[in-house]
Amino acid sequence: GCGKTKNNKAEVETAKVTAEAENKTEDEKEPAPSKEMTEVGTPRNETLIVECQSPTDTPGQFNSYMQGTTMGFGIHQLMSAMMWEIDTVKGEQFGEVADGMPESNADFTEHIVKIRKGIKWSDGEDLTADDVVFTFNMIMSNTGISQNAYYNQIFKSVGKVDDYTVKIVTKEAFPRLAQRFGVTIWGNDLRIVPEHIYSKQQDVTQFKDSKPVVAGPYTVKAYDELGKWVLYERREDWKASTVGVVTGKEPKAKYVWFRNLGDDTSRQMSLINNEVDILCEVTPEMLEVMTAQNPNIACWYKNFPYATSDDPCSKGLLFSMGKGAPYDNKDFRWGIALAMNFDEISQNIFDGVGRASPFPIITNTSAAQELYVKPILSWLEAFQLDLGDGTSVKPFDSGYAERIAGVLRNKGYDIPTDQNTLIDMFGVGCWKYDPQAAEKLLTKAGLEKKSDGWYFNGKPFTFNMTYLADSEAQAGRGTQAAYDQLTKFGFKINLVSESSATWDTNGATGQFDIAGYWPTGFITKDIYSQINGWDADLIVPIGERGSGQSGRWKNAKATEIIHELAKLSPDDPKAYELGIEFFKNSIEELPFIGFHSGVKFVPTNSTYWNNYPCADNPYNGPWWWWSCFKYITTEISPVQ
Amino acid sequence: MSEKLLEIKNVSKSFHIGGMLSKKKLVAVDDVNIDIDDVRPVILSIVGESGCGKSTLCKMILRLHDLDQGDILLSGRSYKDRKGYDAFQFRLDVQPIFQNPYESFSMRKTVDTYLFNTALRLKIAKNYKEAGELIDDTLKSVGLSLEVVKGKYPTQFSGGELQRVSIARALITRPKLIIADEPVAAIDASMKMNIVNLFKELKDKYKVSFIYVTHDLSTAYYVSDYIATLYRGCLIEYGPAKEIMDNPAHPYTELLMNAIPRVGEKWDQELVMPDTEDKEYAITYCKFAPRCPYATEECRKSKPDMKTFDDGRKVLCFYPLNSKA
Amino acid sequence: MKFRKYFGLRFLTYLLTIWIGITFIFFIPRMFPSDPVENMIGQMQSRSGQMDPVQMEALRSQLRVQFGLEGSLLEQYGTFLWKGLLHFNFGPSLMSYPTPVGEIIGMYLPYTLFLSLTTTVIAWVIGNIIGLLAGFRKNKLSSKILEGIAICIYPVPYFIIALVLQIVFAFVLGWFPIQTTINTQGNTAAWFLSLLKASILPALSMLLVGTGWWIISMKSLAGTTSEEDFVLFARYRGISESRIGKSYVFRNSILTQVTALAMSLGGVFGGSIMTEIVFGYPGVGTLVQKAILMSDYNMILGCITISIVAISTATLIVDLIYPFIDPRIRYN
Amino acid sequence: MESVKKFWRNTNLSLKAGLLLTAIFIIIGFVVYFLPHTNPFTFNSYPGKLKPSSEHLLGTTSMGQDVLWLLIEAIHNSLMIGLIVATIGTVAGVFIGLLAGFSGGFLDRVLTVVTDTFIVIPSLPILILMTSFMKGSSTVFIMALVLAMFAWAWPSRQIRSMALSMRERDFIHTAWFSGEGTIQVVVTEILPYAFTWSLSNFMNATLVAIASESSLAVLGLSPGNLISLGNMIQWARDRNAIFTKQWFWIGSPIITTAVMFIGLFLLITGYNDYLSRKRGR
Amino acid sequence: MIKIDHLSTSYSTISGPVHVINDVDFEIYDNEIFGIAGESGCGKTTLLKALYDIIEFPMVVDSGKLILSGEKYGKTFSYETGQIRKTWWNNISYVPQAAQSVLNPIVPLKNQFLDSIPKEDKRYKTKEQTLKRVADYLEELSLSPDLLNAYPFQLSGGMRQRVIIALATFMSPNVVLADEPTTALDVVVQRGILMMLMRLQKQLKNTMVIVSHDMGVHYQVTDRMGIMYSGSLVELGKTEDIFEKPIHPYTKMLVGALPRVGDKSPKTGIPGRPPALTNPPAGCRFAPRCQRATEECRKSVPKLQEVEPGRFAACHLINKNGC
C-alpha cells in the first residue's frame, strides 16, 4: 500500500526498496473490477472499507452527548466537528472549527477563540459561533451529560463576541484550553453540535440523532440495526465541510464502510480476500500470514519491524501501590524490574519489534525519545541504585538495541546497522537483567528468599499478575512474558486474565497486585495532560474509585510538579524543565515498569485503495480509529 | 388384648385407570372383611381370577399400600394409629414372600446379605457369628444351609432353592404372619410340593400363620385351613378350605373349581369368558351376574349381602348353591 | 391422578422452576465485585482521562437512578420480579442505554430462532434417523460408516468445526461471506438472500455438531428397544425389517428423544455462542456474552429469563402432550 | 490374572480398543505427567517454532515451549477437571436422583423442582458469568466446581426416573422387610442398577467438562496459566497457529480431545455389547 | 408334519457352551395337539425356538435338523432348518412365553394385526376390508371387535394372551407353537384359553404344540405328549397312556406327586435338583435324583426306545422288569 506514492523526504535507501515493491505490485496487479458491489450495495471501488474492532452497542445513535454512544464507529473519524485537531506527525494542534489556537489573557482566565468561516452543516446551514456557544452551554446546563459537572467547575461563561468569535471565561487559570478541549490523542469529548437541530430537542440526552447533521465530510447513509456496520457517504458539499475548509482537498472515497469483522481469524481472512481495506490492529503472526498471501497487504514499514512504534500508549507493568508493602516500596519495584530479562520479554511479545521504553509513565514514541529521553541519557547512564548491602548498581542497559538487532539478524531479518536507525527502532536502552541485584533489592525491601521461594513478613509471598483478556495483545503478552520471567526468577504468581468490565472495576479500585496496563500516553511536548492523573491528591483508599491514578502512587515531588505545571502555559520553557524533573523523579521511584512504546501493526490492503500513510509517506499516523482519520481520507486514493 | 392376629375390616382400595382424561376408577379391593385367629396358626388361601385384587390386599396388609377405607388391625393395633406404629416391631411380626423368587432378590447382591440384614438389623442376633448360626438353622429348616447359600448370587440358584431362601429369610424373625403372594407360581410341579409341604411344617413347628395367595387351587386345597375367594375386589366366599372346595356355595367358586384342569375328567362344556376389567369393575349390582349361569333379575339389579352359614363360611350371593344357610 | 390436578401441580412446578431459576440468575451477578455503573464510569474515565471527583459522584448517582440500581438488593429484586417477570420489562440495557432490553432482544431473537431453532430441529431429525440405523441395523456397513463419522465429529470442540468450515467454504472457496453482513439497504428479497447466505455455514456447523449427540443417544435407545420382547416377536411374526424399524423401534425410542429435544432447546440460546462469534452471526448468544463482559445486568437477566421461560415452557408442553404420543402415560 | 486373561479373551474389539485408548490417556495424564520434566509453560525453554524432531516429538510453540509436554500437562489438567466435574456431578446427581425417586412425596417434589431449575438454566452463559467474575482466584479446582454446578442436574433427573420405576420392585420390599433403611435401600439396592448408566454418564460428563472448559478458554476466561486442552488451543489460536501452519501445536489438543472421546465411547459401547453378550442376547 | 431329526443345540456363553437339547428325535403329526412337559429349565422353550427356526446367537445347532412339511391352499411345502423362517406366521406361528409383553405397547391392536398380514394377502383389498376380516375373525373367537382400537396396556393379561393367539392363528397356519400359553393366569382364564386353542385346532385341523409344566393342562388338551428332562426327551406317547401308565421314573414322580382337589393326603415332591447343563453327569441325567438308579444309569446315557407302538421312553430300567 505504502509504495504507491513517492515522498520527497524518503531516504534513498528506502526509496530503492519501495521501487522494488512497486515493480512487484505492478506485475501482479490485476485491474480492480469495477462492477463489483459490496454487501451493502455500493460499488466496491468507490467504497473504502475500514474495520472497527468491536460492534457498536448503540446502533443508530449518533448523538455524542447521549450516554454510551460509541464514538469510534465512524462518528469522530468522519463526522464530528472538533475545536482543535492534531497533526500527529508534528505533534502539534491546529484549529478545526476554531480558526487557530485560542488567545488567552496573561493569567489564563479569558480566552478568545476565532471560528473558521465557510464551514457549513450538511443541511446547508452555516457553522457559526452560535453553534459553539450553544454546545458549551448545552453541556453546562444539562446534568444528564456526563461532562456537565466538570464544565461547570472549569467555565464561568462561554459567550459570543460576534458570529465568528467566542469568548470563554474560566473560573481559574486554565492555560491548556486547546489541549483539554481539542484533540491530542484519539479524540475529544467536546464536539460541536448544530444549534438549529439540538436546540429543538426537549432532552438532548435522549436524542438519538439517527440522521445526523454534521460538519465533517461524511454523513450516515445506512447502518446495521445490530451494530455490525455503518455506511457513510461523502457530502455533496464536502468543500464546505471541516476537512474541505481546512485542507481544500476532496476525500476520494464516495463511501466509507465501517464494519466489524469479528475475531482475528475472520479479520485476516477478510483482508486477504480484499473484503476490507484497513484493519485496526493485528499481531505480527497475523501480519506475516497476510503479507505472505496477498502482496497488496502492507504495514507501516514495508520490512522489519513493520509496525509503527509510536502509538502513544505505553505498555508495561503497573503496581498497585495503595496496597502497601511491598508494592509501595521502590526497592521492591526496582527488584522486580531487574529480575526480568527484557530481551526475552521483547521477543515473546512481538518477536522483538518495538522501541524499548525505560521511562515509566510516558511512552517512548520517537518524539518523546528525541524530546525527553535523549536529553537525559547521560543522567540515565549514571543513575545508580543502592542495593542495601553497601554496593550499588547502574540499572540502565544501553546495549539493548545492538543485542536485539543481532538476535533478529540471526533469525534472518534484514536489520540496518546504522546506530541511529537502530536506536529509533529499538530505543536507547532498557533496564538491565541482573538477578543478583534484584535479589539484593528485594531483600532490602523486606523480602526473604528461602529454599522454597520468596517470603514476606514470614509468610510465603505470592501475588497476582493481571491482564485484560479481550484487548491489547501487546499488554497481555507482555504480562504473560513477565509472568514467565518472574516465575523463572522464583516467584509464585497467579496469572489472571480479566474481562474489561472486571478490570474497569478492579483496576480503578486498586484491586490487583501487578497489572499489565497502559495508564497514560504521550504525543505532545507538553506532558501535563499525560501526567496529571498521578497527582497524589486524587488518591482514594483501596476499594474506592478515584478519579485519578489506579496505581495510587503517593509521591510528594511528582504532585508538586504537577501542580506547578497546571499553572504554566504549555509553551513556557519552564514547563519542559519541570517535565524533565518529573521523569527523573519517576525513574528513581519506578511506579510503573515500561516495556515498549505502543507497537501497532496496522495493515492496509492496496487492491482498491492506495496511498495510505506509511513510513515512506508519513503524512499522518496509522491511527484509523482516531479523529484525524478524516484528514487521511483526502489522501487515500483509488487504484486505477 | 385381642385373640385376633389379623383383622381386615371393611377394607377398600381403588385406583384411577385409563387414559389421560379418564375419570375411571377401579375398585381393586372392595369392602373386604377377613379375620385370622391368634390362638391357632392357620393357612389362609386367597384365590381368584387374575386382577381380582389379591396382591393389592396383600400389599395393604404389608403396609405397602395405603388404605382408602376401613382398617386393618394387627394383634389389635390399628393401621390407622400412625403414632403407635412401630416399623421395627411390624417387621418382626409380618414378613412377605413374593411371587417370583428372582424378583425378590437383587441380581447384584449375594442373597446371604438379605439374610444377615434381617438377622442383624432387626436385632434378632447380637453379632455376626450368632446371626450366622441362626441363619444356618433357619436355612436347614428349609432344606438348605448357610454353606450352600453363602456368597452366591440369585442367578446361581434354581427357582425352588431361591424361593426357599426367600422363605428362610422371612422366617428369621419368627414372624406371626407370613404373607406369601403366589409363592409357587414360578416353580415347576416337582418343586411346588416341597414348598407347600414346608408351609405346613412351619405352621405346625413355629406356629406361623400364612396368607397364601395362589392360582393353583390344588395346592390351596392341599395346604390351607381356610380359603377366601375374591371376585373383582369383593370377598365372595370365605370359610374352611375343604368344605368350600368340595362344596362351593358361590357360583364363581364353583366355576373356579370346574376350571381346574384335573387329571381324570376332561372338560366338556364351554364357559363364559370375562369381559374387560374396567367394565366389570364398574358394575354396581352383583359383579358376577353377567357371567353367572344362575343369575336372576334380582342379581342384575342389586348387590347381595354377605350371608353367614352355620359352619362359619360366608357367601356373597343371593342364591348360594348347596344352601345350608 | 386426575388431569386437572396433574395439570395444576405441573403448572405449579413450572412456575416454581422459573422463579427459582430467575432468582438464581438475579443474585449471581450481583454477588460479584463488578458494578455496571462503575464499569461505565471506568470506560468514560479511560476515554476522557481524568475526571473530577464531584463530577464522578454526580454521575454515579445519576446513573444509578437511570439503571434502576438504587435501593437495597431486596428492593431491586422486588422491582425486577414485578416488572421483569410479570411484564417482561427488564428496563433499559446498560450497554445500549437507554434502549430497552426487550427491544434489543427482540431484534436479535428472530435471527437466533431462524438459525438455532431450525438447525436444532433438523439436527434432531437427522440424528435420530442415523441413530436409528446405527442402533437397529448395527451390522450394516453404511450405518457403521455414518455413525463413525458422527462419532469422530462430535467430540471436536465446536468452534473448531465452525472455523474449519469458515476457512474452507468462505475463505478458500469464497462461496460464502466470511462474516455475516445483513444487507438492510435493499428490499426484503435482498435482505433475506443475504441472511440466507450468511446462515448456511453457521447452520452447517451447528448441524454437524448437534447431530452427533442425537445419533449417540438414539443409537443407544434404539439398541435397547431392539432387544425388547415386542421387537423380537415382531421379527418372529415375519414383519419386514423396515416396518419393524419404523413402527416398532423408532416409535418406541423417539419418546425419550422428544423430551430431550425440549430440554435441548436451551442450546438455542446458549449453545450457539461460539458459532455466532466465529461467523459474526447476530444472535442472542453473542448478546448474552457481550452483556456479561459489560456487566449489563438487565440484558443478562432478560436473555436468560427468556431462555428459562422458553425451555420450561417447552418441557411443560412436552409433558402435557406426552400422553398423546405415548398412550401408556397416566399422569402419575 | 487368570480372570483378566479370560475377560480379555471374551471382549469384543471396540471394548479392547476403548480400554487401550483410555488406558493410554490415563497413563499419559497420571503417570507420564509425573516424570521429571521442565515446566512446559516456561517461555523460551527451547528455540521457538521448531518442526517435530526426535528431541521435540511435536515441535515447539512460538513461545519456545515443548508441545509434547504442554500436551501432556494439558491432558493431565483437563482430565483432572473432567474427572472432578464428572465425579461431583455424577455422585451428587445420582444421589439426589435416587433420593428423590425413592423417597417420593414432598422431598421428591422439592428436589425435582431444584433439579429442573438447573436443567432449564442455560449453562454456558452462567459459566461465562461465573468465571468472568471469579477469574481473580480461579484455579483448576474452582473451575471444576463451577462446571460441576451444571453437571449434576441431568443425571439426577434420569436416575430419579430409574429409581421411580424400581420403587415397586419386589426386591426393594424384601430389602425393607430385611430391616434396611431408606439410605441403605437406595445405596445397596437401587444404586447397583443405576451403576452402568452412571458410568457412561460419568464418561460423558468428563468430556462435556473438558469441552466446556475449552469454550471458556476460547472466550479468554480460563485461568491464564492453566495448561489445559482448551487453553492450549486458545494460545495456539492467539499466536495464529492455524494460518502459520503450526499444525502440531493447534492440532494436537484437538485430536487429543477427539481421540479421548472416541476411546471412552468405544469403551462404553464395547462394554455394553460385552454385557449384553454376557446376558446372552 | 414336523420331523425333529437327532437335533442337538447349545447356547454359547462366556463360560463355554451350554448343551440344552441333546439328540432329540421324534415327529409331530398333522392334526394333533402335541404337549411338551418338563421341569423349568429343561429346554422346552429352546426346543420350541428350534422348531420355529429362531436359531440365532447365542443359540447354535450342533447337529441334526428339522423338517417342516405340509400342505396349504392345496400346495404342499417342505422346509428345513434355516428355511423355515420363510414361512413364519404363514405356515407356522409362535406364541412366545411371557406373551404379556410381546405386543408393541404404543400402537393400537388393529395396526399390529395389519402388520402381521403379508402384503400378498392385502393386495386386492382396502384397509377397511382387511380390518373387517380381522373383526369377523375376532368375533368368531368370541372376542369383541372393539379390541382392535385398544392399546395392549388396556387389556388384562388373559385378554392379551387371547389376542395374541388370535393374531397367531389368523393366517390359519399349519403349525402353531405355544409356549406356556397360560402360566400366571388363573384357572378360569386358563380354561378359556385352552378351550379356544382346542376349538381352533378342530377348525383348522392343524398341528399345535403346547408347552406347559402343568400336567393337568396336558391331560385336558393334548393328544400326544413328550416329557423332557434336562435337555432330552425322556418319554413320548399318547397323553392318556402317559398319565395312566408312566414308564420313566421321572414321569412317574411328576404324575404321582400332583395334589388333587379332594385329596388331602400328604404328597412329596422330587428331591434334589436338575443337573447343571454346563457340566452334566455322565450317565442318565435323572440318575442323581432317581431312587432306583443303578450303576448303569450313572454310566451310560439311555436311548429313547419304542416300548409299545407309538410309545417311547429313555430309561435303562425299561427292559428290566421294573417298569
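Letters are used for the chains, namely A, B, C, D and E, taken in the order the chains are written, and counting of residues starts over at 1 for each.
Just so we're on the same page, contacts are C-beta pairs under 8 Å (C-beta built on N, C-alpha and C of every residue); 3 or more make two chains touch, one makes a residue touch a chain.
This structure is a prediction, so every number in the text was calculated from the model and none was measured.
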Most distant chain from chain B, judged by the mean position of its C-alpha atoms: A
Chain located farthest away, centre of chain E as origin (C-alpha): A
Between C-E and C-D, the pair with more C-beta contacts: C-D
Approximate Å spacing (C-alpha centroids) for the pair chain B, chain C: 54
Cα-centroid distance, chain B relative to chain D, in whole angstrom: 50
Rounded Å distance, chain A centre to chain C centre (Cα mean): 39
Two or more partner chains touched - positions in chain E: none
For chain D, residues contacting two or more additional chains: 132-133, 219, 242, 281
Chain B residues counted as touching two or more neighbouring chains: 18
Parts of chain C lying in touch with chain D, wherever the complex brings them together: 13, 16-18, 20-21, 24-25, 28-29, 32-34, 151-152, 154-160, 163, 167, 216, 220, 223, 227, 263, 266-267, 269-271, 273-274, 277, 288-289, 292-293, 300, 303-304, 307-308, 311-312, 315
Touch list for chain B against partner chain E, complex: 18, 47-52, 158-161, 185-194, 196-197, 215, 217-219, 221-222, 242, 245-246, 255-264, 266-267, 270-271, 273-277
Complex interface listing, chain D residues touching chain B: 169-171, 173-180, 188-189, 192-193, 195
Touch list for chain D against partner chain C, complex: 109, 112-114, 116-117, 119-126, 128-130, 132-134, 207, 211, 214-215, 218-219, 230, 233, 242, 254, 257-258, 260-262, 265, 272, 276, 281
In the complex with chain A, residue positions of chain C that touch it: 33-36, 38-56, 58-59, 62-63, 66, 93, 95-99, 107-108, 111, 163, 166-167, 170-171, 174, 177-186, 190, 194, 277-280, 282, 290, 292-295
